[in-house]
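What follows is a group of structures, each given as structure tokens.
Both of the next two complexes hold subunit A, though its partner changes from subunit B to subunit C.
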Partner chain A sequence: MLAIEILIQGLIQGSIYALIALGLTLVYGLLRILHVAHASLFTLGGYLGVLITNATGSLFLALLLAMIIVGFVGMASYRILYYPILSRPPLIALIASIGIFIASEEVFRIIFGPFSISYISPPLQNQIDVFSGIMLSEARIMVVLLAFILLLGMNWLARQTRLGIATRASVVDPDMAMSSGVNVETIRYSIFFIGSAFAAAAGVMVSLLNNLVEPTMGAVPSYKALAIIVLGGLGSVRGALIASLMLGVIESFGTIYFGNLLDRDSLAFAFLILVLMIRPKGIFTKG
Partner chain B sequence: MLDVNNITCRYGPVTALHDADFTLEGGEVLALVGTNGAGKSTLVMSIAGHIIPEHGNIVLDGEDITNIPPYQRASRGIGLVPEGRRLFPDLTVKENLITGGYVLPRTSESQRLEHVFEIFPRLYERANQLAGSLSGGEQQMLAFGRAIMLRPRVMLIDEISLGLMPSVIIECYAVLENLRSQNIAVILVDQNSDAALAFADKAIWLETGYVKWQGKAKHCPLLKESIVS
Partner chain C sequence: MLKTLQASVMALLISLAASIGIANADTIKIGFNVPLTGFAAADGQSALHGAELAVEQVNANGGVNGDALELVVYDDQASPKESAPLAIKMITQDEVVAGVSGSYSGSTRAAATIFAENNVPYISAYAIHPDITRAGEYVFRTSFMGEVQGRAGAKLIGEMLGAKRVTMITLNNDFGISLANGFKEQTDNFGIEVISEYEYSIKDREFGAIVSKIKSDNPDAIYASGYFFTAGPLVSQLRAAGIDQPVIGQEGYDSQKFIEIAGPASEGVMITTSLDRDSSDPMTQAFIEGFSNKAGYPADMVAASAHTAILVLADALARSGSLDKASLRDAIAATDLKASTGQISFNALGEVKKDVQIQIVRDGNWHHHSVISDPDLLAPPSE
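Up next is the complex of A and B:
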């Protein structure tokens, strides 16, 4: 029974990783840029979640607004941060991205103060018996449900809509997509909107689970999400999702069984190193 | 319809194409011939909008399109079947076609799909298969179909027969005949220059970026050379 409980906790954590990693892997697929500043948007989402909920009393409204606002901030970050340096080597964009990420932590500190902020009355804290004695808070159940709905929606978008099909085409061969009449710029803006909105959703969920947000809450997710998209095979959406869930579960079991040897957050990298020794292009890349 | 006026293209310090100049009307076929590195693909890609010429301009139906991005050229009816086909291998046949006509309104999509499936019944049979799993010939058909989806007025076809079986090449030329009969202008590159010259109305012979000869395809010296030898 303990194993099932650990597994469930791992999947919950993995769902959050998946929401963060999705935007990162999409941006990499389209632009070949490691968008480290993505984690700043996760933090911003967390802050907006707490502040809007505290102001309005509605977590649902907070989630919706956080996703929309952060989505637009993501689009702006593409326009202001990456667009002017697209023709430069990817390393330039990576350095710019790291710079923005570090600066954003300070901006959060200046605007929201150096200390953590919590929900005035934390929503969804009732414990529910989900499976013969395994108790989960409503918040945890919501994390899994939300991730499931968003990722399902994303899959529908990618498979069934013209925008989704054109996006997948642009990832493979942007020049040919353009010659087919796809405005690749529009695609990029859409992807930044969706990816950033998902990161915001993850931020709200984490703020709910921990009942706090702080300026540095994006630090650990930023490097872990990088490890995840490398594991999943850079640019692969399916790979990133599976790698997210795997990492969540491995961390969950690892903390119990190797907790005295390795810190939880270093497990991601131990796992990354191990996998890359066997499959240098990630778990899910062909060939 | 299509006027290419004295265009010169450079890759960094290297000039890949000097002063190419021609006019093409609807239903006319222009063959570009010459060895590898002669500048044929450069000319094709500059009309498609992937290379911006240093000098000269490209005019379609009286509108200067020299500096507009490729997707806007597609919306004006410039279709591209590139060298190596460059399909989207992880997308299905139908998804490749939908991407091909992305620029046109969704309302006409099913009608355009039907049109392509009429020309290439085999693509209809394979509509839900991944493009990467098709045979070479089927992939070339799909590359044609993808370009036809945008109701082209000018078709740019780079290396039409590369790596294809003779029977498939004959099919490809039958498709070209169909395009010509629909008053579509065609610019054609074929490693087999005899086939291209025999089919085309006009020809440009390029060597190391320079126009060596230009005129009616049946008078092309390259054709005579190969008949003599």
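Up next is the complex of A and C:
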């Protein structure tokens, strides 16, 4: 029973990782850029979630607005940060991205203050008996449901719509896609919008679980999401999702049974190193 | 071209420095390194407000033997690689008479070594690493060491609350580890059995797995080390999972922010700390009132500690009557002062001797629960 409960906690954590890692792996697939500043958008989402909920009393509105606003900020980050340096080696974009991420922590501190902020009355805190005595707060259930719905929606978009098909074509062969009439820029903006909106959703969910947002809350996701997309095979959406859930579960059991040896982050990276030694291209990449 | 530019900039800087030097001829400079950016910026902000309040209070009462105190503030980002050069700058360039750390252990240790080497007094306001005072005889600490508070925690749980089966949740840094060491050192004396211990990193805010495990451990009490930004989420997640056993923390929780984050879950949480919110002492009351007026939010442990450290220095300056560093050092060592965090005196190593305050959350505020004044139990190491 305890094992099931710890497994569930791991899947909740994994769902959050999945929402963050998705945007990162999409951007990598499309542009071959490691978008570290993605974690700043996660933090921004968290802040907007708390601030809008406190101002309006509606978490739903806050989630929706956070996703839309951060989605546009993501698009702007592509236009301002990456577009001018697309022709340069990817390393340049990576360094720019890291710089923006570090600067953003201080910008959050200047705008929102050095202290954490919290929900005035935290929503979704009631306990629900999921099955045979396993109690979860509504917020935790919401995390998993939201991740599931968003990812299902993404899957539909990718398979059933023109945008999705064009995106997949651009990932496989950008030049061929372009010569078939695909507008690559539209696709890039769309991917930044969707990926950033998902990161915002993750930020709102984390703010709900911890009742706390702070300027440095993106620090851990900034590198852990990188580990996840490497594990999943860079650019692979399915790989990133499975790696997210795996990592959530491994950390969950690890903090209980190996916590005195290695902390959560070290566990994640020990696992990453182990996997890369056996499968240098990630778990889910063929060849 | 570049050379002339450099020369003119230098000339400007020199004249600027000279004019500042003249303007401040009658002030006594105290160096203050504090994290104002980076992950510790929130604590740094509180510490700075507390230190500034102390300086304002001293100056409003005529200063030290007629001279005004001046705080020379530097942002050390809680990082040793920042604080070490800042310490050199404070000593050589600003020529401070003494330094105070409003920062964390890593940065304080690095600066303490440099102050000690240069025979300039240095007081750690709330950094807890044992090696800080071992840097030399010019280094003092006005807050409890982790071990001391850990021992007080064991007495609170084992003797005062009568809880015997205890789960420990330990923050995996120098603060958490030294608290855990002090706690474990006293478990036998107070009949405590540690039935499980979990460690977490300072970056963790999500404790789902540990909470699930503790539910099945079913302890009598939980001894959890942490800061308000880790303990807030931890306590709210423990209570949300239906775990209602007593949670005992330490001065790291000691902020209104903890109550804000954990909300109703914070009710009944007890901590070992050095600030008594319900103290009738006019000194402490003046601090609590002055701080919330100045900062716009309620006082916390970090602020009280920085406030205390500055007052200790001001008191020693007044008693030594000169700016000579050796006599100032001796005056600090001979301190016997009532400050916002209680009656302060030092042992041979420069560690503070004072009572431990137990505070409890009631109706959304920290309140007095009890005091532990047991000089043997609370004796800091003296070498």
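Quick notes on this structure:
Going forward, the second predicted complex is superposed on the first by the 287 of 287 C-alpha atoms of A that agree within 3 Å, B and C clash if a C-alpha of one lies under 4 Å from a C-alpha of the other, contacts with A are read in each partner's own complex, and residues count from 1 in each chain.
Note that a residue touches a chain if its C-beta (ideal position, glycine included) is under 8 Å from a C-beta of that chain, and two chains touch if they have at least 3 such contacts.
From a predicted model like this one, the values you see are computed outputs, not experimental measurements.
When both complexes are superposed on subunit A, subunit B and subunit C fit side by side without a clash. In the superposed model, A:183 lies in contact with subunit B only, and not with subunit C. Within the superposed three-chain model, A:137 lies in touch with subunit C and out of touch with subunit B [touch as defined at top]. When subunit B and subunit C are set side by side, the one touching more residues of subunit A is C. Once chain A of one complex is fitted onto chain A of the other, the partner contacts of A:214 are limited to subunit C, with no touch recorded for subunit B.
After the chain A superposition, the centres of subunit B and subunit C are separated by 150° when viewed from the C-alpha centre of subunit A, nearest 10.
Judged by the touch definition given at the top, the superposed model places A:263 against subunit C, while subunit B stays out of reach.
Once chain A of one complex is fitted onto chain A of the other, the partner contacts of A:58 are absent, as it touches neither subunit B nor subunit C.
Residue contacts after overlaying the shared chain place A:168 against subunit B, while subunit C stays out of touching range. In the superposition on chain A, A:160 makes contact with neither subunit B nor subunit C. Using the contact criterion defined above for the overlaid structures, shared-chain residue A:5 touches subunit C, although it does not reach subunit B.
Nearest C-alpha atoms belonging to subunit B and subunit C sit 37 Å apart in the superposition, given in whole angstrom. No residue of subunit A lies in contact with both subunit B in one complex and subunit C in the other. Interface residues of subunit B facing subunit A in the complex, by the touch rule stated above, are 48-50, 69-71, 73-75, 78, 80, 82, 86, 88-91, 95-96, 98-104, 106, 146-147, 149-150. Residue ranges of subunit A in contact with subunit B, taken from their complex: 162, 165-166, 168-169, 172-173, 175-184. Taken together, the subunit A residues at the contact with subunit C in this complex read 1-2, 5-6, 9-10, 12-13, 105-106, 109, 114-116, 118, 121-122, 125, 127, 135, 137, 140, 206, 209-212, 214-217, 219-220, 251-253, 255-256, 259-260, 263-265. If you check the complex, the residues on subunit C that touch subunit A are 36-39, 41-42, 44-45, 172, 197-201, 203-206, 208-213, 215-216, 229, 232-233, 236-237, 240-242, 257, 260-263, 297.
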